[in-house]
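First chain written, first letter: the chains are A, B, C, D, E and F, and each begins at residue 1.
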């Protein structure tokens, strides 16, 4: 069974940015695993914090429940870590554990955040963590008993304000077959309702651009930047 | 029959830089068409000009013969234009004719030069010409009687000194199946013998990099940068 | 009466990309002048060309009528030139005439296209033309009888696929007060109906980003990149 | 009372690079607060260290006294921290404290260092610290009892060798009204006398460039790069 | 006798930007040749045009006289062309003639303008012309009777607003030995008196930066960016 | 006796990338010191780890022996540190010790890794460590008893996949006089035999490019990017 791995900063990032890819491959029988380094409890839960008497534990519980519901809709396994947010800090043990997870899963691709994001250092850090884990997963001297991973492609999903994040889309992924599922996953995220329409429109913009570049009608798409070059056996 | 189009500045550029892709697709039954905007008679024929009594006509004849021999080895149709070199100048009529050629051929991809090249303005101009022809080929109001082309992908092959040309390889193409053919095509180019080994080594370097990125043994490869984003139905 | 100048490649570009700025300033009593270098008759009128028996003259007439209707809705003066499209070519006389127009109008700003656009060379050319006209408008030895212009700011509006055009938004302009007008202008452009929703969504995405950066609710915005640095008397 | 915040690496950086902005806004009744993360005692006090028998404590006392005198001249409140220099290291507690200071002050802008500086890692680190504090200051879950800050603009002042620091001036600030004050602040910095003239000339160069871009005579200016896009209600 | 070639857009550019290099090498017995493609009569003679009754011919005569006086002070041969300015347009014949001049002079280096300049398209065009001439000068098939040139290094001198021109200084040239000469050359340029102090301060800023990078006292310097990589026999 | 310092991530990097520079200067009587921050035991010893029963200690011993043999061939002093690899982590004490080593050695140049490397975070970290040590070595307040260092030039040697590492060669160093020695050093590195030919071909490619840029025959070269601008007394 082929597999894909998503390494997301906060509990909801994977839904908005990579929900289509997750649902698409899951629907084709892939094992899709999503790791969130943080619940996003401090910086990405503004709506919850506006409620009177809110506590950190209630925010976390809410975020956890929403993320699990969304992952369930998309067909993904969810692994929630708690490395905090605003600021997130990730110890080396987590990087090594992610390297082992890559080896165990042997994913065909890893999805994570953009190269930079001036509004969100947690996102940039998560991409670095994902990248370093991918590098270590190939080192034969790291846990030499385990089978090493190959050079897994890493694709970086769309940040909120793309042009300031040093991000450029290399690949438009047609997600028309699963867009309704993706939208349903959005609707599990009650704490960030304002993003439902934002990312629905984003999918439509990328769909239009995919149409222009691909020459056949596509309504909704997701966009990804590659972190490494591709290897191909044909240019067609 | 699928087709590919190569738009090359000088008569030999296509051999060194895209000979593998040409031979590979030709061997699979593709129609491969190579257009050279110039014979490279002034700036890329130093060896010939060192012979006593050399004339422009003899240089051109020699370049034409060599290019045809190389195209024959690779399995490509060759169309030689004479827009001069050092400097090359290309009239709008040629751009429009190329747009029509794209429409007629309906290629799956176009190969051409890198975004810049501080040592060779003809290369940069050729890429601009190829790109503008591709743009015009999609315009319904250009020669409205003809069927328009779709958004043909353009891939830019490797320049001589990559890091100064703003070029970065997005795709490594495995050419192991045809490398002997590519090398044989090199050997038709007697006027630029010093490049045989240069580009043989380049293919080996790219082969090694392809191996590292692809996780399976590749000995010889070619490298291409995409001018437009890809459209995909899977990330696997 | 303060004035603003828009230098647009094709007859409709100004509507999608700068319609909000035009309507906003026009509503405040500014004189807003729009120059289109081309009608976009060959490359941006696909819907018309799909009609049986269409001719170049009918396409042009249609484009002219639509552009005039849209300019009327926005409150702008329209000056239509015919320098063709796909490819556009602009003679020096036009650049000099634009320099004189800048001197005559003494605009507070000039709006034009992005620094690059791999899908549309006409856009890039138009920006170069606008920039060169702005440069010449300040040269005391050009038409020395006329009053020179000052260093007019040039702002580049949003291209279709921003990340590949080397464009980054420096300024988000709140267009909530005039968005209905902008949408009404869209609806004059029958030949490009597919763009109505595309640019409505784009305005909403920029509105959300403006909200995030400005700290107060903005629903629709336009985005601009500056071609020159600003001069300020306060940072507040 | 509007407020501005300067987050400076070493005790004197704010004087050379942002002294004009500080004096200008202070003179208009703003509360201007300057935080220095370090006294610059090891790497930016060469003149003092050349004196025989110099000690770290004497250098620090000297730097502290000079910085206070300069802040007094400019009309700013000064907060000196001691995170060392060459190398500076900043604990997370300081970042969180800065986030709280931003919330308390609710500044209209934050001034800090350039995106990079190959000669000075402390500068780059300080900009990162300022940026992360600004991000955290907006997170509702960080110290949820406190009022959050809005999206405060961050402007990066001029580094010493601009072209190698990835810095480009987006805004020229006219400081003619306060240049004598800025120069007087320079003269409090006895340990770095060689910089008085350097930054006086720099202000004159930026003044000339401001003149060229603004169209009215400006003699002295400071230059700033924006870290985030602007939000505007007019382009005029 | 070693030689150097300067290819300048307007009659005075070489003085401000490369006057030190010219004087320095001339003083060491080099043959220094300066080619100006234009007199700068329209766009760089504002002071003259403010005089009542000024004519184009008088401006040109004045510019010619000033440029000759400055070249004389610096010790350079001057070749003035008249390709106009604002806008400058350069025919291919001039490029070919420059290629022949490079062959005849066999310079050790060519100095010209920066890679871009958003305020001055003539400068960017001149750099392209210089670069293309250098390329052609090496083509054995161009005027095959003449001895070809080698790969002459091209260095790009400082533009007015460096950070917006894509220019970065690779080399600081110590001009202390000839700075008084350079200043004297400035003073020949009566039509641009406002630049005397601007470029005197620029030389002092670069001098300080040269000191910081070189470790020995330098008061005045010029800065250059290389267009091609260097070839060396030692790194010391 | 002049000196050069190489700061290498893993035990073998200095051989492939800078072995020519080391041998060249050593042969001319320079003191060449190589510091390796890691043995490369986990991530760069794949061949060893494929042997049955391999242990970390045996890998380290093997790497140490090979590095010493190679350094001996090249004529360098070797200092091996053990900061691990995949991932490498470097404490501040090491950075301070390197600053002191720079002061003690007073090298004419420091060689280290490229600005980035998406496949190898240890390389990027090593460059940062080398750069920070160079910065601190100039700070008079760091270990004020010791003589400070001047502004030592840092040159970054070639990474494996140059175009993705943000690296561009500023200097081609002719290593023809010592290439046989460099190749002999390669052959000491039994654990990475696949790299012998890779870097032999790389030297030939750079040799060809050096020839093209220098105008005289060079067969093998190394390539370096400068981290700081040069200071020169002539452009010839």
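Keep in mind that, in the parts below, contacts are C-beta pairs under 8 Å (C-beta built on N, C-alpha and C of every residue); 3 or more make two chains touch, one makes a residue touch a chain.
Quantities reported herein were computed from a predicted structural model and do not represent experimental measurements.
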Topological distance between subunit B and subunit C, in contact steps: 1
Required minimum of steps from subunit C to subunit E, each step between chains that touch: 1
Chain whose average C-alpha position is farthest from subunit A's own: E
Same-site or different-site touching of subunit A by its copy subunit D, using the half cut: different
Option in C-D, A-B or C-E whose residue-number contact pairs overlap B-C by over half: C-E
A-F or C-D, whichever has more C-beta pairs in contact: C-D
Most distant chain from subunit B by Cα centroid: D
CA centroid of subunit A to CA centroid of subunit C, Å: 36
Centre distance in Å when subunit C and subunit F are each reduced to the mean of their C-alpha atoms: 52
Set of subunit A residues in contact with two or more other chains: 119, 161, 164, 169, 209, 212, 228-229
Listing of all chain pairs that touch each other, if any do: A-B, A-C, A-D, A-F, B-C, B-E, B-F, C-D, C-E, D-E, D-F, E-F
Touching residues on subunit C, where the partner in the complex is subunit E: 92, 95, 128, 131-132, 135-136, 138-142, 144, 227-229
Residues of subunit D defined as touching subunit E within the complex: 119, 160-164, 167-169, 194, 197-198, 201-202, 204-205, 208-209, 212
Subunit B contact footprint on subunit A (complex, rising order): 2, 4, 21, 24-25, 28, 30, 108-109, 111, 150-151, 153, 155, 169-174, 209-210, 212-215, 218, 221, 223-224, 226, 228-236
Residues of subunit A that touch subunit D when the two form their complex: 41-43, 45-46, 49-50, 54, 56, 59, 85-87, 89, 118-121, 161, 164
